[in-house]
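Lettered A, B, C and D in written order, each chain numbered from 1.
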Amino acid sequence: MQNNQANANITANLLEQFNRSRSYTTSLIKGLTPEDCQAQSMPDASPAKWHLAHVTWFYEVMVLKPFEPNFQYWNPQFAILFNSYYNGVGDKHPRHQRGLLTRPTLTEVLHWRQNIEQRIARLLTAQASPELQWLIQLGINHEQQHQELLLTDIQHLFSNNSLLPAYSTHARPTSNNANTMEWIAGVSGLVEVGFKGDGFHFDNEAPVHPAINPVHSLSKHLVSNAQWLEFIQTGGYRDPQWWLDAGWAWIKSEQISAPLYWSSDAAERYSCFSLNGYVPIALHEPVSNISYFEADAFARWASKNLPALAGARLPTEFEWESFAREKAHLAEDLFGQVWQWTSSNYTPYPGYQPWGGIAGEYNGKFMINQMVLRGSSAYTSAGHSRLTYRNFFPTQARWQMTGLRLAKDGL
Amino acid sequence: MQNNQANANITANLLEQFNRSRSYTTSLIKGLTPEDCQAQSMPDASPAKWHLAHVTWFYEVMVLKPFEPNFQYWNPQFAILFNSYYNGVGDKHPRHQRGLLTRPTLTEVLHWRQNIEQRIARLLTAQASPELQWLIQLGINHEQQHQELLLTDIQHLFSNNSLLPAYSTHARPTSNNANTMEWIAGVSGLVEVGFKGDGFHFDNEAPVHPAINPVHSLSKHLVSNAQWLEFIQTGGYRDPQWWLDAGWAWIKSEQISAPLYWSSDAAERYSCFSLNGYVPIALHEPVSNISYFEADAFARWASKNLPALAGARLPTEFEWESFAREKAHLAEDLFGQVWQWTSSNYTPYPGYQPWGGIAGEYNGKFMINQMVLRGSSAYTSAGHSRLTYRNFFPTQARWQMTGLRLAKDGL
Amino acid sequence: MQNNQANANITANLLEQFNRSRSYTTSLIKGLTPEDCQAQSMPDASPAKWHLAHVTWFYEVMVLKPFEPNFQYWNPQFAILFNSYYNGVGDKHPRHQRGLLTRPTLTEVLHWRQNIEQRIARLLTAQASPELQWLIQLGINHEQQHQELLLTDIQHLFSNNSLLPAYSTHARPTSNNANTMEWIAGVSGLVEVGFKGDGFHFDNEAPVHPAINPVHSLSKHLVSNAQWLEFIQTGGYRDPQWWLDAGWAWIKSEQISAPLYWSSDAAERYSCFSLNGYVPIALHEPVSNISYFEADAFARWASKNLPALAGARLPTEFEWESFAREKAHLAEDLFGQVWQWTSSNYTPYPGYQPWGGIAGEYNGKFMINQMVLRGSSAYTSAGHSRLTYRNFFPTQARWQMTGLRLAKDGL
Amino acid sequence: MQNNQANANITANLLEQFNRSRSYTTSLIKGLTPEDCQAQSMPDASPAKWHLAHVTWFYEVMVLKPFEPNFQYWNPQFAILFNSYYNGVGDKHPRHQRGLLTRPTLTEVLHWRQNIEQRIARLLTAQASPELQWLIQLGINHEQQHQELLLTDIQHLFSNNSLLPAYSTHARPTSNNANTMEWIAGVSGLVEVGFKGDGFHFDNEAPVHPAINPVHSLSKHLVSNAQWLEFIQTGGYRDPQWWLDAGWAWIKSEQISAPLYWSSDAAERYSCFSLNGYVPIALHEPVSNISYFEADAFARWASKNLPALAGARLPTEFEWESFAREKAHLAEDLFGQVWQWTSSNYTPYPGYQPWGGIAGEYNGKFMINQMVLRGSSAYTSAGHSRLTYRNFFPTQARWQMTGLRLAKDGL
């Protein structure tokens, strides 16, 4: 009896989370036209319509299909069109051609969304299986990831249009990083890292395990636009000594000399293309939209050129996690500004086991040639941040809100 | 007085043509969604919205700007966004990124269209300058070219969507080519070619000049799907002896073994993707959507393998033109089915002079590494065909309605 | 009896030509090391060793195999390794990997050459068949073509070595083109073009046929380095109005701003890398190593900017041929300096028939997307030039000795 | 006095090592022709001549230039031509064009080698500075690395020649891996890793530091050809479930279905191209020339399909190192057969400091997007193996002698 009540509470709570995440996604395209939702600006990005459809596909294929009695596809071809990378589920439409799927239209996708939402709500109310509940939770977290991608992808799309449209007039919350440099002692020695407890988490955050942190410090603040400007102006992008060999080859071939959305006028005043359109660089804000190669080069340059940053390097993901766990009150902007590159490769934790079933392809097979980012960004959906959360991107990715916090050996 | 009346007639007539061509363009997107009009399936193709905008840009920049009193741009940035290749007019948006221009929206483009139409109508009524009238006529012909491209580009876009949407349920007019093979004597000796007279024509059709045709014959019919099927089934795409060296390298690297939109089932029955969706191959219809390389290889194969086609080759553009001028009554499907590849390179006629001013970039600068096609296709707009019309595409282009008519030396 | 004597004379004469051409080829590598003969600097070029081997392969496969009693390959694998493009003969080693064939060594290739030479000499003495004699003549002409390629390919290879080695200290004969501009009336009206007579010629020079030349003039001199310098210095490479659309795209993407081997110092003095190493530009010499796109752009620029060259354009190949046939005494440097780009596409003459048998692949299958050059260059082997000779290269080729002579309409 | 004697001993010993390593390098090209030493088969590989020159450049620029009185370059341009990646030292000749440096010839390079050898010997005898001695030791180790590369690069070059030349008739030592599967308990818990002591080591092996190994086992044997054959024959290369996402994309695009040098006849019997030419696969020998992607996929496949290998995965580099340090007597082929892929990314050890001066570019800047390999191969030079040695290659590299040893969690 109590059990029933508890389950009813769980269901009600989950349903509320589900509905909120679904509404939030559709709210994100309020200011967008069907055309905006159609275009794909590069192979790494996806159309907004595709994001709307793919997170719906996830519920249809991963949840309804195995759990709904008398399941039938809304349209069986959508199972191919909106699959992202689940080889186990069948054929995929080529990733770089997502912008060519003009049918189904945005309106049809929104209808499909509604249909799936109603069926999920019905199913969730009817069945109280923990497996189903977990899958819904996974679906919510999955949708949250695509909410952030939808925003970064729209920003990238709009940056390719010389009309420079603004997605929103509502500016993102800012922070103050520019004026002081302060080192805080990190947590050193044997530490325990990884997710522990009951809440939802991705398989890549487990199992909890010991790690060894050297004696080290972390910066209280994120690296700011002001500091980055100094890196640019003192020739940071022109001197190979700061760069990894592959990074140097990459900035040469791509002709990179500033963060992704920065551009300068004749007087070398920099502006930045944002979801609010072009805005002047705010010096006190954290730098964003830089690649791992740039973050790493900046640290090496700062280590040798800025006395206050002598010895600077990127933190490991475990230094970051221990710090966020035990010293969050001393630091600023651990979450909610920019994802923070770490020097850790995205690899499985000791004893890592991918989820079973089709969710098994969610994380494990991407654990190569990518670096871990910790924290979260201004675009990250509410409730999606965690101490143990591992984001990851290749070393040259720049279209995400990626910045850095420095570390150094010693105190 | 009479002059005034004549001019009024010219104006009225031109206005009527102008309005008809504008309405026809918008009628072409009746069944399309804003999404359909947004996407660009390959660098050679353009979004439908871009076509709608570009032909409007043409009137704004080429006609209103020089002739309208107190001219002002609807939006000066559109002059960059919707320029196609007129270097003299200024910067261009990269051709392969036309699908990223989600703004202006389709609705805005249609508003812009209306505004320009009204201003052109007003201007045309107010001024009777022959130069203005000629530019309007050029604008109409320019728009007609883009009407055909809009259709071929939509067909290409839809072919990339596994939902295989049909653009229309109205099938194109068919013809009957399959059953008989008949040679008709061509016009040989010294002939006069090129446009002569008063009507509108492109600069590339002039000046009229003499040419020498050998003694030759032309086929009464276009090459049919049935004949092409025989070419496929007897290994035509697998034997290098029929192919130009560059053509052979191209079909190997692109893995080409049939016309562009053909695909076969397990029983090797061919269907074809058309504006009506997938339809079985109609054997008696002319083959379409083949490259120059394929047309050339077919002729060489037919010449050696089909007794009735012994000695077959592609006609020159002057053989085709003389034939169409003097023997049109004996031939079938010179116009209105498929463009017909000729063996003539797209080069300037002796004494060719490009138009003056910004229209000078219309044709001349493309006269290299392209082949001439003659006739017109089922998608060609009414009133756009001419005996002397020179269409042109590179040797590997296949997304146009391109077929062939054979010729041979002797009678 | 007389016949026998005549045939003996033919045989003796042919043998002498054969031996001379073989010795000349080996003399070309006198100053080269085995390493120099090994490397391939780009897919268009071939290693010197490959040239030595390929012309030998030609005799072994095309002559000895069908004619020699008890024929046996020196090494059957060489038939694959040193085939260039004869699909009829079998597999080919990939063209762009010719530089990886370190075995057979240069010494082995030279032994093979000797063996084949002895067998050809024996065969030619033993058999008097006209077909055999013709094939030998073809072999000689084929080898002459590769002699010129060997030189241009070595020049290209050495240009990639910052040691800038000189192939030779013997400078090429120069000519004087700089000071005067003189137009000479061309041969207009109905003319007869193509090879006529008994001597050796390639199949692409036949059949003889009529052509119509407009009233036109040709320049007495080739375009000089001085004139080209003016084209550069007045911004010729920076203004799109002079360029074909494809040419403009090409110089932008390849960052081209001067002929292939030119480079300038800080004071904008140009030097040129030649077979004699780096030498200052000789202003009075004909410009060389330019593409068709550049030749065409120069003509358009000169037509509008140099009063003495008003109306300048490239000649057609038939204008050039008629001129060379009837007015050679009035012109300079028709042969022996640089190949001269014409505005004619490389297409089959009316009634063209490729040679029979395996020689059928010699020319015909390359007749697409290439332009005809007439005359000959300073590197062309003695005895290889002809009034009707058609050389051909794609529009962006620059590593051959290619220049231009201007024409214009009218007198 | 004693000190002097000690130093004399050090000098004598070093000189002997130096001479031995130099002689060994030249002995490696005994069977090669100048042509063989010239060619570069792909951007990752270098010509043998370049290896001979580059290791000499190292001594000239890194040792003689700073230490030799009145130093003069043998040829200052060689400092550019034979620099590999030392940006600090100046311009580099493009890596992918090393095969175009036909000058200096092999003979000249060998003369240069002799000259530098004599000067190094003289210098070493005259000066007893520890820094100089260390640089000589670095030079020897550097040359040893290139000795192995020279062999793998020649093997790759010869594999591209359909004559399939054998480099040597002397077969490499074999081992026996096929019949049994035996797990040995690894060293678990807190372990100390990295180089400790006085001998020569690379900067990437330091500093010594603690690490945590889980409870795990390592395989006594390397994975054999017999096991790999089973992987192939049961469809291992055709099933995405075993592959990392990037690995699957890579084998699809490169059409990979077996180790690099394997090829099979109609009866699916495999042969392998080796330095001895083509030889049948020896089933009991360790598999070689596989990429990280393949090693990783094999482990996942074996883990699920071979009961004796249940739970198999790749070892970490620290599992490998601890095992080799403490349990070498229980294992086979830790060294001398094939390099063994580990699951560890090539990253700096905690507190890593690159060497000072120009040697600082030796290792550090390559620490990204590469995986660590441990052990050594049959091609590794004598004296070049170490417990702490870290070799590294990108995840798709296959032209090195790379194989694998499996690990698993638990005992």
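Here, a residue touches a chain if its C-beta (ideal position, glycine included) is under 8 Å from a C-beta of that chain, and two chains touch if they have at least 3 such contacts.
Since we're looking at a predicted model, the values are computed, not measured.
S.K.: Work out which chains are contact partners of both subunit B and subunit C.
M.R.: Per touch definition, common to subunit B and subunit C: zero chains.
S.K.: Could you tell me which chain lies farthest from subunit A when each chain's centre is the average position of its Cα atoms?
M.R.: For subunit A, the chain whose C-alpha mean is farthest off is C.
S.K.: Cα centroid separation between subunit A and subunit B, in whole Å?
M.R.: Inter-chain centre distance comes to 47 Å.
S.K.: If you average the Cα atoms of subunit A and of subunit D to get two centres, how far apart are those centres in Å?
M.R.: Computed from C-alpha means, the inter-chain centre distance equals 37 Å.
S.K.: Using mean C-alpha positions as chain centres, tell me how far subunit B is from subunit D in Å, no decimals.
M.R.: The mean C-alpha positions of subunit B and subunit D differ by 59 Å.
S.K.: At least two partner chains per residue is the criterion; list those residues in subunit A.
M.R.: Within subunit A, no residue touches at least two other chains.
S.K.: For the complex, which residues does subunit B have touching subunit C?
M.R.: So the residues of subunit B touching subunit C come out as 85, 87-88, 209-212, 214, 240-241, 243-248, 293, 296, 343, 345, 347, 350-351, 365-369, 395, 409.
S.K.: Any idea which subunit B residues touch subunit A in the complex?
M.R.: The contact residues of subunit B facing subunit A are 33-39, 41, 49, 77, 80-81, 93, 97, 99-106, 157, 160-163, 165.
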